C-alpha cells in the first residue's frame, strides 16, 4: 500500500466506546478460545454450574435462570413466548428505540401492546404508569415491560419505582425487565425488586462476545409459564427443565462458559462486584462532566435531561443543530481508531453515544473523551474546549 | 494434588471424536478471539459479505441465506416459522433422534406432522415417501423435512432421491433439509438438488464454535415466506431483509465472522472444497474398516446396515449385547482423554459414535481408532483385534 | 476478595506506556501463539525467509542480518565478540544508562573502552567525537559505539553526523549502532548512513515479545569478523553462516517468526513504513506539548533539553525537586492501571518515562497523558493544568 | 487453489512428534500470549518468583538457578563461561551429536576438551570414565560434561553412575549435565545426584516455546564461579545476582513466565510430577514395542541397543540399509501432517526420531505410531506389520 493513495488504517488498539457490544478483556477472549468439549462431559458440567451460580449472584436472585444460544433479542422473545398467550396484553414503558423494538416484537408474536408514552429525554412518569395500572381494573395487563437501561438514549428507569407502582395498585402483572445494558454495570437486584423476568445478554457488562443470552425467572413467572400458550420450542423453558443442563435446546455453546467463568472471576474475585458498580458510576460522572463542559458555546449536550436517570453505562450526546453525528463518528473512527455508537431510529445522525460499560478504566475513558474532543475540534463542531480537564477534575475528586 | 488420591487428569491434547460439535482448528479459534468491533462499521461489512459469499459457495447456492445468533435448532425453527402457517402439514422422513426432534418442534409450533416411518439402521424407503406424496392429492403437505445426515445413527439420506420423488409426483411441497452434520463434510448442492431451505450450523463442518446458524433459502421458499403466518420476530426473514446486513435481529455476533473467514480460507484456499469432501470419504472408510474388523468375534458393529447410506461424517457403533457403550466412553475419556459421542434417546448406552468431520487427518483418525481399540481391550469388550491394521490398509490403498 | 480489605485490582486494559518492552498488537500476540513447528520444515523456511527480507527492509539494508534467541543485550554482545579481538579499543559515545551498559559489557569481554563524555540532558557534542577520532592517528580505535536512541533519557543521537565525523577524519573504525528503541519507530537507514553493525531487538518498534534480537551487518563488518578473536560460540556469525537458516546456534525460536510476519504485515502493508514513522513523530510532539505545558508552575519538565535530539519514541520527564517519580508511578499503576517507565541508574526516582513507540494511536496517547495529569493532580505534584489540551492542540494542527 | 495443480496442504492438527522443540498445550500457548507487562512491576514479581520456585522443584534442587533469554545452547555457554577459565580442561562423555556440539562450544570458548569415547548405539562405559578420572591425578579436569538424555540418538546416560565414578575416584571436577530433553520427562534429581550445573531449556518437557533457558547451579559451582575467568557479560551470574530478579542481563522475557506458570500448574497440580514421569515411561514403552515389532522382516529398528539406556523421551529409529529416513519423513509430513525428527550430523538420512516428551497421551502416541506404520507401508519400507497392535498390547498391560 502506498501512503499517498489510500489513507492508512489507523494503528494501535481500537478504542471501542460503542455501547454494544463492548470491550472484551484479553483474558476473557483467550478463555473463550477454548478447544471444543462435550457438553455432556462431567468436567464441563462443573464449569457450567459454577457459571450458573455466578450468573445468579450477578442477577441477585435465588430463583431460576434459563439460557439461550442467541443474542439479547432471543432472551426477550423467550420471555414473551414462555409467559404469555395469544392476545395477552403487555404494557410497555416507552424509553426509546429498544422499548419500541420490544413492543414490535410483542405484536409480531401475537400480543396486544399498550404503551406508557414518554419524552425520550426525560423518561416515563411513574405516575402515568400507576394511572394505567389503576385503570386496568380487570387486570387485562398480564405483563409490564421495562428497559432498565435504555441504550439508545442513555437513560436508566428506576425499577424499584416501577415495582412500587405495581404494588401500590395491587396489580398482578408480571414485571419484565430488559437488563441487557445494565447487568454487571448498574445496580440490579432481581429478587429484592420483584422482577419476574430479567432479560440479559453476554455482550455488555459480562464482557463476553455476543451469542449467549438468558432470563432470570421468578417463581411467579414459572407458574405463569405453565399456562402460557404462545407457540415455542427453541425457547421453551418447560423442555429445558427436562434436560440435564436445564437450559438450551440443542447444542450448548460451551466456549461461552469458559469465557463467562473468567469474566465472573474478574468481576467477583479480582475486583469485587460492588467495586465494579462503583467504577461504572465514577467513570460515568467523568463522561458527563466532559459533555456538560463541551455544551458551552452551543456545543454537544447530554441527550438525557433528567439528572436522576442519567445512565452510568452509556451516554448519548446530542449534536448541535446542523452538525452530523455520523460525520463526527467517521472522523473518530477513520483518523483516530475510536468507535463511537450512533443514533438509532429517529435519532440517527442527531446524536452519538459513548459506551462506558464493561472492561474500562480511567485511561480508557480519558483517552476516549480526549479523542472525542479532538474529533470535535478537527470536525469544526462548536464546543467549549476543556472537557477532558472537567473529566480529570471529576476523577480527581 | 497427590497422585495417590485422585486419578490424575489425563494429559495431552483431548481427542475430540464426538460428532457435535467438532474440532476447531487453532487458527480458527484464534481468529474468533477477535476484539469487539462495531457491526455497522464498513470494515466489518467487508468481512461479513465475504463470509456470506463463501457460505453460499459451500451451500452451492446462488439464492439467499439468512443467519441467526443461535444453534442448529434455531435455524430449524427459523425455517418452520418463516415458511409455514398454523395447522400446515409437514412430512418428516424418519431417520433417528434428530428427525424426531424436528417433528416435535414442528408440533410445538402448531404444525401438523406426518412421518414416513423407517428402520433406523436402514433408513427410509424412498418408495414410501413417493407413495405418501402421491397419496396427498390435495397437496395438504406444505413441506417435506429431511435430515441429510442423521448424526444420531450415522446415516446419510440421498437428497437427490428425495427431490426425484417430489418431482415424480409433481408435488409442490417445499424441501427442507437439515445439513447440520453434512455441510462442508459431505457433498451437498442446494440449487442443483432443489432444496428450498438448507439448515446449517457453525459447529460441524465449518469448524467453528457453536452459536451461529443459518438457512439457505430458495426463491420458491422466499415466495412462501410472504404468506406464512406462524408468529415470529427473532427469526423473521422479512424483518431481516430490511436491515443493512440482511440477517440477524439484534446484535450481530461479530466474532463468529472472523472465525468463519478463516475456516473458509482453510476449506477453499488451503485445501480446496473438493479435497475436503474427498478427505472425509477417505477417513470415513478407514473408520468403517476398523469397526467392521472389530465386529468379528461378536464385537462392536456398524449401526448403519445400509452400505449406500453410511455417513462419511459420523459412524455409530453398536455394542455387543450386555456391554455398556457409556462405560466404554468413560474409559476412553478418563484414562485416555478421548471423547466419543454417546447414543441419543432410545440408543443411550447401546452405541457410541465416532465423529469424523471437520478438521481431521490420518494421525487424528488413527489415534482415535487405536484408542478405541485400546479402550475396548481394557474394558473387556469382545472384538476381533487388528482394527487399526484394517484402517491402515484402507488408508494405504 | 472483600472490597474493604485489599484495594481491588484496577480493571480495564492496562495502559502500557513503558518504553521497554512495549505494546504488542492483539494480532501479533495471537500469531505468536502458534503451535510448534519443525524449524527445518520447508513450510517454516518460507515464513522465515520472508521475515528476514522484511527485517532488512526495516533496517534499510541490502547487506546481512544475523539473529539470536536473546534480548537486545545478546545482540550487543554478538556485535562485540564477532567484530573485535581482546584488547581492542572501542570508543563509546556517552548518552545515558544504555551507553554505560555497553561500555561495561565491552570491558567485561576484554576490550579497552574509551568514552566521549556528554551531558545526559544535551547529548554528546559531535565535535568532541571528531576530535577524539582525529587524535587517534594510529587507528587504535576499532569501533565506535552509539546508542541511536537512548531509552533512559529520551534522546536521539543523529547517526548521519556520527558517520560524517568518521568520514571527515578518514577514520576506519566500525560504526556500531544500538537501534533497539529506534528501529521501526524513528528513521533509520543502515546502508545510507554507513552503519556497520545495527543492534536491534524484537520488543520495541517491531511490537513483539522479548526474546528475538539481531544485528544488521555490513560487508565491512563481515570482513572484520574474519579476524576477530574474542571467544564466541552461541553468537558466532561464522558458525551461523554454515547453517541452513544462516542464523541461530541451537533451536530456532519459531513462534517469534509467526509474530514477526504479522508485525511486518501491519507495518508495511496495513500502515506503510513511512506512515509508521510519521505517526511516531506526530504522537511524540503531542507528548512533549503536554509535558512542556505541565512544566509551568515548576511542574515536571522534559529531561532532554536539546530540541534537535528529543526522541520520538520515548520521553523522559524530570520531576520537580522534592517529588518522587516512583511514588507518582505507583499512583498511576495502582489506581489507574497505567504503567510508566522509571528512571534508570542515577536517575532512579528523579524522572519517569513515557514510552510512545510501537502500536499506538491518538486515544492511547491521550489516555496516557490525561492519566499522567490525573496522577500528578492526585499526587499533589505542582504543575500547570491543561497538558492534555496542549496535546490536543498539537494533534489537531 | 485448484486441487489438480498443487497437492493440498494436509488438514487437521499437525502431529508434532519431533523431539525438539515439542508440543505446547493450548492453555500454555494462550497463557504465553500475555500482554506486555513491566518486569519491575511487583505484580509480575509474584508470578516470577512462583515460577522460580516451581522450576527448582522440577530440578529437585534447593540451590540456585539462573535464567537467560536464549535457547538451550545459551544455557550451555553460560555454564562454561561462568565456571571455567581459559585453558581449563573439560572432560566430555561422548553420546552423540549434542555431546559433540558441547565439545565444539567448549573449544571455541578457549577450553581444552577431552572426551570419553563411546559407541553411539550403546553409550559410554562408566568404567572408561572412571579410568580417565583416576588417571587425572593432578585434577587438571575441572569439569565433566554429560548429556543426560542424548536427543540425537535416544539414549539416556545414568547420572548417578557418573556421580559415583567421580566419588569413587575422589575427583573434584564439577559435574555439568545437559538436561534439555530430560527435565520434566525423565527422573532428574539435581541435589541428590550431585549435579553442579544442570542445563535446561523451555522447549521440551516444560512445554513452552523456545527462548527461555536456565542453569541449576550448586553451591560448589557458585564458589567456582568466583574465580572463573572466561570473558562474559550477557551470561554473567555475578552481574545477575546484583539485579532484583537475580537473573537475566537486559529485558526480562515476561511472556515466558506466564506460560511457565501454566505449565507448572499442569505438571504439578493437574497431573502431579510423578505421574508425568510415569506417563513418559508408559508411552515410551509403547513406542519401543511398535518399533521392535516393525524390526521383523529386516524393518526399521531401535538405534539404541542398550536396553538400560533407552530414552523415555525420544526414540531414534534406524532405517533398513538402502532406505532413506528423510524420504519417509517427507511422506509422513506432506501426506499425513506428521512431523518426525531427522538424523543429525553423520546420522542424517539413516534414522528418524520420534519425540515422545511433553504434552502427550495415548491417542497422540498411537496416532503417531499408526501414521509412521502407514508411511512405512506407503513408502515401501520392509517391516513386520502390526506395530500398533504391539503398542496397544503394551499400553493395555
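Some points to look at:
Going by the order they are written in, the chains are A, B, C and D; count residues from 1 in each one.
One rule holds in what follows: contacts are C-beta pairs under 8 Å (C-beta built on N, C-alpha and C of every residue); 3 or more make two chains touch, one makes a residue touch a chain.
Here is each chain with its UniProt name: A, B, C, D = Aminotransferase class V-fold PLP-dependent enzyme.
Since the model is a prediction, treat every value here as computed from it, not as a measurement.
Common neighbours of chain B and chain C, listed by label, are A, D. Among the other chains, the CA centroid farthest from that of chain B is the one of C. To fit its Cα atoms onto chain D, chain A must turn through 180 degrees, a value rounded to the nearest 5. Because chain C and chain D share one sequence, their contact can be compared position by position; here over half of the interface residue numbers appear on both sides. Distance between chain centres (mean CA atoms), chain A to chain D: 53 Å. For the pair chain C and chain D, the distance between C-alpha centroids works out to 34 Å. Centre to centre, using the average C-alpha position, chain A and chain B are separated by 34 Å. Chain B and chain D have Cα centroids lying 44 Å from one another.
Shown for chain D are the residues in touch with two or more other chains, namely 13, 23, 26, 30, 33-35.
By the touch rule above, chain B contacts chain A in their complex via residues 13-14, 16, 18, 20-24, 29-30, 32-38, 40-41, 68-74, 76-77, 86, 104-105, 108-110, 201, 203, 209-212, 230-234, 236, 239, 248-256, 333, 339, 341-342. Residues of chain C touching chain B in their complex: 26, 30-31, 33-35. Against chain C, the residues of chain A that register as touching in their complex are 1-3, 8-13, 15, 23, 25-26, 266, 269-272, 274-276, 279, 335-338, 359-371, 373-374, 377-378, 385-386, 388-389, 391-392, 395-396.
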